[in-house]
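Shared between the two complexes below is chain A, which pairs with chain B and chain C, respectively.
Moving on to the complex of A and B:
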């Protein structure tokens, strides 16, 4: 089993009030020195079979047409190594 | 014979019944359409009603946009079928790319429900011919994800082509860019807006006014005279 991670972020020019709310809470919590926070979405896809070029291309299409709305969001697709579960 | 106007029910639609009632009040025949049914049953126009279809999971309207009924709606809308998207319906239309731009959470991060003042900016679309350009109306607004966004190029294009159909007046309830409450496509057959005209069609309920009724008389006039 291989995992492919799709990260989706609002485009940089679009206002992210959720990220701002998080950022404004930071000084109160004692976290200083963080000038900006933007919040996104992470999708972890457990892929059956090999993650070859064809599989990645399909996931890219899926991300572009469904997981992200590319009018307002950017996305990245990456393969993640899954550590064997420790029994 | 009168016009047959379809109202799609998605899982999580809330305002399908109110929309059917508004259509009937305007003198047209409402036809219930089901999200799993590709067949539009020979309707002359379609309304995508408000609500929280598929729980707004992923993004508002993102999953509904891929429902079987939408395959036909998208195809027919491109061929000229009049389509109105109200609230969640507007979100579905942007997700389906029948209208440009996108919808995001209100800038204040809260659900909002209020009587909203709007200005009708374009009284030439299939859904607004019974208004006067520049007319000010009050209709209810209730949403979580009502912030209309698009890039500067798209916004300028919409303004230049007169495709901003409604603008928020006095108060911008959700941070929508350029106070945009509703827009249309190039052909003027597809219109989407966040506020709810179907809740302002009888004096007894809603704003106590009937400022939303002209949406439904507009389309009837358009279809009957076609």
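Moving on to the complex of A and C:
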């Protein structure tokens, strides 16, 4: 079985209040040297059957219409091999 | 990567032949030529950016200005008006040393593109207008219009808009106390998201948007400037949506209510210490608007160093910085010796603040970038001397036909059973059904001063705990009436809001309006617009309630199809003691129900004609402003002297809609009798204006009748509060349970 990962990020020009809150908190907590933080969402989809082009197209559709708000967000779709049960 | 040389003023003068993308920025050819004429050379890229956003329809009111003048010319003499049209928001004296500022604005196009953020930043923008006057925001209201309730796109837009308003307002800790929700197919693709806010201050705290005193510093504070909403003003708000150009879509702003909350507290603290000479919020057209308006309203010029603007994205060009509509920013003018203290306060609230320039002796607005002068203009030419169009207007050819299609000739219910079914059909129709699903997503009672909120006739806020002084606000607008007759429709919107304020016991004082129309380039739409303004200005003059400000939203149309002309009118009123308010809900069984005013056969544009017959035609109800004034006086006196225990204004849906709402809210039924001389259908469904239903305790019956008689207001006893059903004698009886199901399940079912 394969896993498909959809990463959703706010577009670069869009304000990210959550990321900013994290960034402001970092130096307060003693973590220096971080100049910017952007926060996004990661979806892990367990796919039934083979992850062929048709399946990816379907996932692309669902990501575009449901997982991401493409007016303000970008997304990427990638396949992640799931390690088989340990020997 | 090769770098083009910085387009400075010198560079522009030396390279007159460089082609600039004025058309892409929304300027027309003759407008661009005027810019060249004003400057005596081609504009720099930055100057072009400023002119293009400031001369857009949204910022310059170029199509509407010639008509809007009537609000000033016909303004009634009012002692209550402290600040009128032209500032960020109007200010009204409400007594006891308090002043109240309020305004309604539109955020229609952004809310269609991105419902949540569009509606949220709409709330943010109107709240900053209130802060900019020196007031503490105390409440918001949201008049909304969506496409057909069962259209799939309504399911996308409505929940997003409602969540956005709730999310932003709730985070700010502002109660949402009023507004409306209307569905009509004409708003498909052009939903109307209007947002209003009220703020309270002491008289001496009023602040204005002007930059005076050479040497005073210009401070930009709040959020960093990013690439969001660039060109929003010129591109998003001022052109018709065109499916062929999806590139316009990303001009969306994202709001941060917690930043705005800090901005409110920080600004109010600076006001309290008298650190601010002039102030302006950054809304549409961002820094272009703030710098040019502050400078042109003040006595001198202004010099700004754009390099000092804190950025979220270091790759932004100066043009983009000037046009960015990043939210939660404000611009203050502060005397040099007070700058340190101002910055200290900002630091305390964790608000980024930077001196970006200063007020100068001259009369030029000069902006520098990387050492070069990229803007050198007379700020008045940017802010105030935009183009003014006398757009052609003409009564549309279909108007006569529409008005001739008389709704009074529609078939009436023939049997009692049919009448009963029509009542159920009406109270369960999307426009008449309970909006609890929507309004329950807003916080009504935060801050603990909310006296009345939806579904009351007006929202009411207590502003002084000791004396009980309060203010009430109602927003109304009926696009169906305005389509049938824009002049009367605008007056009916004012009449209804005025009546709603009075029904709760408050005295109407002043008006703000949000005028939503189609494309001004269509003479029929322009006629509707001109008529609506003429109607509203005439009516405000007669009722003595001046228009204090507002906004115009044009181009609400897709292709040829414009929305119904929709003037939304907000009326602000004052009540000496909020304990004397009158609620909608029936309070006690046995109280007598009186109908105030005259009922005529008036079905044109009515909810009944829409729900039962899917019809729009004829003439809207007759306007009688003197009657509205008399009715308001009676309602206010009766409330003050404790003569009535509940009152509800009659508007869309007519008498039965009002009675059902009062009954359901109070959990007490009513027995009604059709008065002599009326048929049951007219009695229940007619929408004659200037009417209200009141519940009078038996002990007050005589006094109440005497008062109405002495002042010449027609009153008709129509029944009694009683039982757990609404009964029309000899016709039908509907249990409260049955009515509640019909009334309350519609909206949740549609949006499931």
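The rule we apply is simple: the second predicted complex is superposed on the first by the 85 of 87 C-alpha atoms of A that agree within 3 Å, B and C clash if a C-alpha of one lies under 4 Å from a C-alpha of the other, contacts with A are read in each partner's own complex, and residues count from 1 in each chain.
Assume a residue touches a chain if its C-beta (ideal position, glycine included) is under 8 Å from a C-beta of that chain, and two chains touch if they have at least 3 such contacts.
Since we're looking at a predicted model, the values are computed, not measured.
In the superposition on chain A, contact is made by A:12 with chain C only, not with chain B. In the superposition on chain A, A:76 makes contact with neither chain B nor chain C.
Contacts of A:66 after superposition on the shared chain: chain B is touched, whereas chain C is not. Comparing the two complexes, residues 10, 13-15, 17, 69, 71-72 of chain A contact chain B in one case and chain C in the other. Residues 10, 13-15, 17-18, 21, 66-67, 69, 71-72 of chain A are the ones that touch chain B when the two sit in their complex. Residue ranges on chain C touching chain A, taken from their complex, read 113-114, 117, 223, 226-228, 230, 249-250, 252-256, 258-259, 312-313, 326-327, 350. Remark: chain B residues 58-59, 62, 66, 94-95, 97, 100-102, 104-109, 149-151, 175 touch chain A in the complex. Partner chain C is touched in their complex by these residues of chain A: 10-17, 20, 24, 69, 71-72.
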